[in-house]
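In what follows, structures are represented as structure tokens.
The same subunit A turns up in both complexes below, where it pairs with subunit B and then with subunit C.
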Partner chain A sequence: MTAPLEAVEPAASQAAGPAEDHRPARHGILRYALSKAGGALFSIAMVIIGTFFLFRLLPGDPVRALAQGRNMTPEQLDMERRRLGLDEPLINQFLNFLGDTLRFDLGMSYEYKRPVLDLIGDRIGATLLLAGVGLAVAVSLGIWQGMRAGWRHGSRFDRFSTGTSLVLWSVPTFWLGLLLLLVFGAYLKIFPSRGIQSVDAPDGFGYVLDVAHHMVLPVITLVGVVYAQYLLVMRSSLLDEVGQDYITTARAKGLRDDDVRRRHAVPNALLPTVTLVFMRVGFVVGGAVTVETIFSWPGLGQLFYEAVRVPDFTLMQGTFMLITVAVIIMNTLADVIYHILDPRVRSA
Partner chain B sequence: MSVASARRRQSLTRFWKDFSRQRAGVVGLVILVVAALLAVVAPLFIDQSVTGVVNAPGKPMQPPSLEFPFGTDESGRSILLMVWWGSRTSLLIGFLAALVSMLIGTVLGIAAGHFRGWVSAVILRVTDWFLVLPSLVTALVLAAIMGGSTFTIIMAIGVTTWPTTARLIRAQTLAVEARPYIERSKALGAGHWHVTTRHVLPNVAPLLLASTTLEVASAIVTESTLAFLGVSANKTSWGTMLRGSYDWGAATAGAWWYILIPGLCIVAVVMAFTLCGRALEAVLNPRLRKAGA
Partner chain C sequence: MRKWLARLAVLGVALLVAGQGQAALAQDPAAGKKIVRVGATQAVDSMNPFLAVRLVSTSIHRWMYGFLTVPDSKTLKPSPDLAESWTTSEDGLTWTFKIRQTKWSDGQPVTAEDAAWTFNKIMTDDAAKTANGPAVENFESVTANGQDLVIKLKAPQASMLENPIPIMPKHVWEKVTDLGQFSGDQYPAVVSGPYIAVEHKKDQYVKLKANPNYWRGAPKIDELQVIFYDNPAASIVGLKNGEIDLIGRLNPPEFEALKGDPNIVQWNQQGRRANYLQINHGATTTDDKPVGDGHPALKDQKVRQALHYAIDKDKLVAEVQNGLAKPAHGSIVPPMYTDFFWEASGDTKVTYDPAKANQILDEAGYKKGADGVRTMPDGDRKLEFRFSIHTDTPIEDKLAEYLTGFFKEIGITLTTKKLDSSKFTEETGVTGLFDIAISGWSVNPDPEEVLATHLCSRRPTPSGEGGGTESFYCDETFEKLYQEQLKELDRPKRAELIKQMQERLYTDAPVIAIYYTNDLEGYRKDRIKSVTSVPEQDGILYGASSFWPFYSLEAVEPAAAEAEGGSNTGLIAGVVGAVVVIGLGAFFLTRRRKSAADDRE
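This part shows the complex of A and B:
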């Protein structure tokens, strides 16, 4: 899937971002982290407030949407409004919403008749498993391939890698998933194409194998789509390092080519890629929603998708807030980690 | 002819010479022109009726044949004609969404770069906030709440993707405004409006063109994803066709033509935009030209 242009050069955008705006020179790491955390808290507050108004003020009455396809009299609709507190003044509704959200009470799902938080709790494990394994594979594969491509700039391997990632970049996540479904669902039936486990899943180690077996196709899809950007960024930041003086010095000292790469160039080039992993977490989340939908993976993404489809506004609102807040926290961590790892920014 | 227009024509010629040296970019441009022409002339040959389920010409799920070069779908409609007609929606949404995103991004980016103090601080804060929102998830929520009309989808994509443009334009604006001739212009009495529209905008325009080209590519992908996830109203596009193929189990039934054809259209057009955008970047950005990327 196509990522924004900026993904290609995170080093530049990074350097232009926090370093310039907050002048970290006068602060220590801790002060910097605290100010970032403050910014994150502000963003989270904006998300909560924004969510409330988005779900209240936009056209579409939640009760009417709920009544869609159901036979409900006007009296029943009124009762439903009262039950949900929709007859109160907006400011009261807002304060109630705020209080509930801060107490982690995300309301009841219309569709499941269960607290949203419980539903999220049931599903979050599957998503963490899928996204975690997918990210780990994508990052290691992307870094490895980007490293080789960048070091032998212009070689056949480099051209092949750049070409593949350009194609993968243009492929929508869901289409890659559909292709895998086609190949493995219709012809080569070696991997299951739905769900997280078999109906007759064994216990113990057999269960782990069964889940792993079910994970193959979703993980390939997720990796196929997100790893291209890690590859491209790793490649371009290694290219930036190759021309540097210290690489020439290392070579002049008589170090083997491998050592120059492993001990000098790569550690410096890794930085933008590592940050990108955190910065692009929102992109991975979008990918996870699609992948989980296609392969019926019982995770948070599928839950969110179902909420959008029904539409179940309480559930949608709860999952949306949770996903967004998680992404904000990851981004803030990325900022702080980058700051700790990169001495250039620290002492700038 | 004034000096300025002669100079402009000259730099345009030079730009075209540089661009035509980027082979991949030219290939992309050719694909784009062909795709856009096909979409524009479609109403001369076919109309809305190719997407109608009643009186569909063929039997359901027929593999490609002479009569239906790309096979038929679950109601017996010709995939070829559907893809052709659907290209109009896909391309239109892609272009307009990118336009919306570019407009918001340019206005806020120039404002954030031009003005100092609290205006810039507030815009930056808002931009950063939008930047961290997971864009697909947010677009899904917006489309689900506002109903999936073409207009809604365009707005949902535009509203969630402008921050990268805004950041890019702001950085460029800062660079432009640091030049001495801006100071000269201000000394001669130029106001905010004059400086931003007469000096800053023409200078950021080339960069804007490259970034918009890439933005169209990503908007087309997002549109197809939103349509696939079912928040788009039932207007035929490549995304809704793929949704249909998923709903009717085309994958497990082995109806490869139903999945392959609309998907390949998306990939071809998106790749063409990406190649064009990268070529433009390479021409416009000397740093990239040197690296040969």
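This part shows the complex of A and C:
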């Protein structure tokens, strides 16, 4: 994640003199953050340019796709093409696209005939809710189990939790979601089969409960498939710490086992997991295309899926850019935060 | 450890509460109302009828707005809707419709002005053409005088009474400045049909209330909800657990998943879809220049006919469609349209007969080589055809397997080529890069639309613009018959012409119809007391070009149904939540003791 070239700079300033250690370090973080931000901006620019050409490379003509199964005369197809600006030379289309994007105008969706930004605005809340809760649950479950499994390496709990999480990790999301849907939706009939709310959802607190009720299955699916990575990273980094001298020292001091783990081992072992979490936060915006599709969750992932099916170029472009930009920003933040959290990175 | 216990307890309580929330829901204000919930595996693309093209949207608009005429629920013949009566001039160019004296749902009178404004808007505003542009292409002018609507045509058009355009209230819609960007989300909508849309949560649901002043009389239910599913399997779950009461357009595996549920009626009736093979018989553009890379043997009508004899349609129906279709012994108009359906008989009828297919090919000089594969009479190119199908369609995969087997029997090799849908449309409709392709069409009560897809003018232009051809067909006989049926205002005579067109397609075989898939739907009989299909008895519920099925819906008295369904669900959820919490709590308590013991050692 950390480009070695950029990391050299703070180190160089440190070399100026050990007496000035503190100030240049803080200064270093700022410079480091700035250079990271610069890099991120460059990546974003590349993404914007790449997006345009990437989606033009896809096979199929959007106008033909729109006309599929419908009676349309060649004149009408021509008109559609003019309306969508597809009759202009590629370079003009590209310049228009650049200009619009810089003005935060992501264009009109071919299929919905509404501005892409509006469509994204409609959906982003649902996605943040589902993916955010999913991430929080997966992270806490993974860290907690990983912590216990790593501490009692080889115990029954370790074998059981590692085994379960790995099995779930290898299961296709689609399959797990459908299975849950069949068991809890069709047979036990305790959870709804679709959506974020009931059609006749009550207001106020009742609405919150209704949404919570609808969220249970999607969140379980989302968590089930991904929590293994937090568990495993946490477990293995804790295992690294267990053999260290300071742990032996802590034990020798007569500290309770719980305290050795909580105060000494875990804080040191947490670092890689924190990085992983930040990397993942970026993907929260992208939602979970599969989970949203299985449970008809009206979020961004579902929107992207719809756009690909049509294909709806502007909508695909818009959602794709949003998701990539979010990932880039979050990765940059992760780099910077890691830098602050771990002094070893600073002096590297 | 204790913290975790606390957190678990919180989670459990949340689960419990969520369950109770569901229980509370069952007693919400909606209770006591007769509500029918329809599932749809498509979301509404737009609530603006000038833009909406998806079936779910046009269906909803059929329940909201009146049309000039609608298909009769028994005979499917055009019958009065907002137009009470109509007359045609001698030359068939001037149509005068008498608009019914009735009111919009906001109390304003419905006049011919509304209809004239709607048609003129589409004729003059490019953005308004999106959904129904072709339907006014032949209109010269539309004028209104009181309740009289006069439409002057450029050329005679027998399908005038099948106009698919909903009549919109002028006083509401003329205020819209840019129709192309208007989503139509203004509620309650102003309508003249049986239901008033009152709420639309995008990609989630549309809620419609009965129109108490509907001129045919108010619907027998209070509310109709259309609920969207992204995932067809989830919609089956939804029907089973009572979240929806009806779902249409199922495929055979989905339909079979409904088997055995005592509360669900499996609706299996003749459908409106014709499934056919499209044969590249020498694709050309509108200037008659060849295009694409079709196999030369397929230009020979005899080869196409031999292919037809080699297909065991009964077997395809039984094994590919699980018996949920009818073998096609006609062409592209399915038998549900009794007036227009043509069925082959006597000498023209092609039945499964591989011996005859082999004989035809032998006589035409396509000799079998040492490997059993035939070659062209004048060269050594083998009869090896590609079969283009869509990716991710298990049914088409299965069809390809069977066809490969059938054609092997007559010395023809078939290889399958899978394409994503936009590439598929391009290769089989524009660039002609195929030999044989799967295709199909959902036919309207008036078959003019599907017939038009086989006209010369529908072929792609020399510059490569697709015109929507379904076959690259360009045949003098067919063109002549099409022009004649356009002018023929006498329905039986016109039906005769349309049958001749189908016969031509059947014998010349640019397309080979294989089966007509059934209309597969399911509904809960503990919620829906009765529903009438179109046509009555053996027709379609969801997706018919008619408001009738959803207007005729009768719901089971709500009190009984609600009390059982909803609150039980909540109770069960609550109990399960509680069990989970107690179980986990007990588990962790024991764990805790153990680890405390470890600590003490």
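Convention: the second predicted complex is superposed on the first by the 310 of 348 C-alpha atoms of A that agree within 3 Å, B and C clash if a C-alpha of one lies under 4 Å from a C-alpha of the other, contacts with A are read in each partner's own complex, and residues count from 1 in each chain.
Methods note: a contact is a pair of C-beta atoms (placed from the backbone, for glycine too) under 8 Å apart; a residue touches a chain by one contact, two chains touch by 3 or more.
As the structure is a prediction and not an experimental result, all values here were calculated from the model.
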For A:Thr324, select first, second, both or neither according to whether it touches subunit B, subunit C, the two together, or no partner. first
Which holds for A:Ala186: it touches subunit B only (first), subunit C only (second), both, or neither? both
Quick one: classify A:Leu90 as touching subunit B (first), subunit C (second), both or neither. neither
After the superposition on A, what does A:Ala136 contact: first (subunit B), second (subunit C), both or neither? neither
If we overlay the two complexes on their shared chain A, which of subunit B and subunit C does A:Gly282 touch? Say first, second, both or neither. first
Check whether A:Gln197 is in contact with subunit B, with subunit C, with both or with neither, and answer first, second, both or neither. second
Name the contact category of A:Leu34: first (subunit B only), second (subunit C only), both, or neither. neither
Looking at A:Val171 after the superposition, I want to know if it touches subunit B, subunit C, both of them or none. Which is it: first, second, both, neither? first
Determine, under the contact definition given at the top, whether A:Ile340 touches first (subunit B), second (subunit C), both, or neither. neither
On subunit A, the footprints of subunit B and subunit C overlap at residues 59-60, 178, 181-182, 185-186, 193, 293-294, 305, 311
Per the contact definition, I'd like the list of subunit A residues that touch subunit C in the complex. 59-62, 64-74, 76-80, 83, 108, 111-114, 122-123, 144, 178, 181-182, 185-186, 188-202, 206, 209-210, 212-213, 216, 256-258, 292-296, 298, 302-303, 305-306, 311
Hey, which residues of subunit A end up touching subunit B in the complex? 1-6, 13, 16, 21, 39, 43, 46-47, 54-55, 58-60, 153-154, 166-167, 169-175, 178-179, 181-182, 185-187, 193, 236, 239, 282-283, 285-286, 289-290, 293-294, 304-305, 308-309, 311, 313, 316, 320, 323-324, 327-328, 331
Applying the document's contact rule, which stretches of subunit C touch subunit A when the two form their complex? 1, 4, 14-15, 17-22, 24-25, 28-30, 35, 37, 43, 45-46, 48, 51, 53, 126-127, 129-130, 133-134, 137, 180-181, 183, 201-205, 207, 225, 227-231, 233-238, 240-243, 420-423, 425-426, 429-430, 441-442, 449, 452-453, 461, 465-468, 569, 572-573, 576, 595, 598-599
Enumerate the contact residues on subunit B facing subunit A in the complex. 124, 128-129, 132-138, 140-142, 144-147, 161, 164, 167-168, 171, 211, 214-215, 217-218, 221, 224-225, 228-231, 242, 245-246, 250-254, 256, 259-260, 263, 266-267, 270-271, 274-275, 277, 281, 291-293
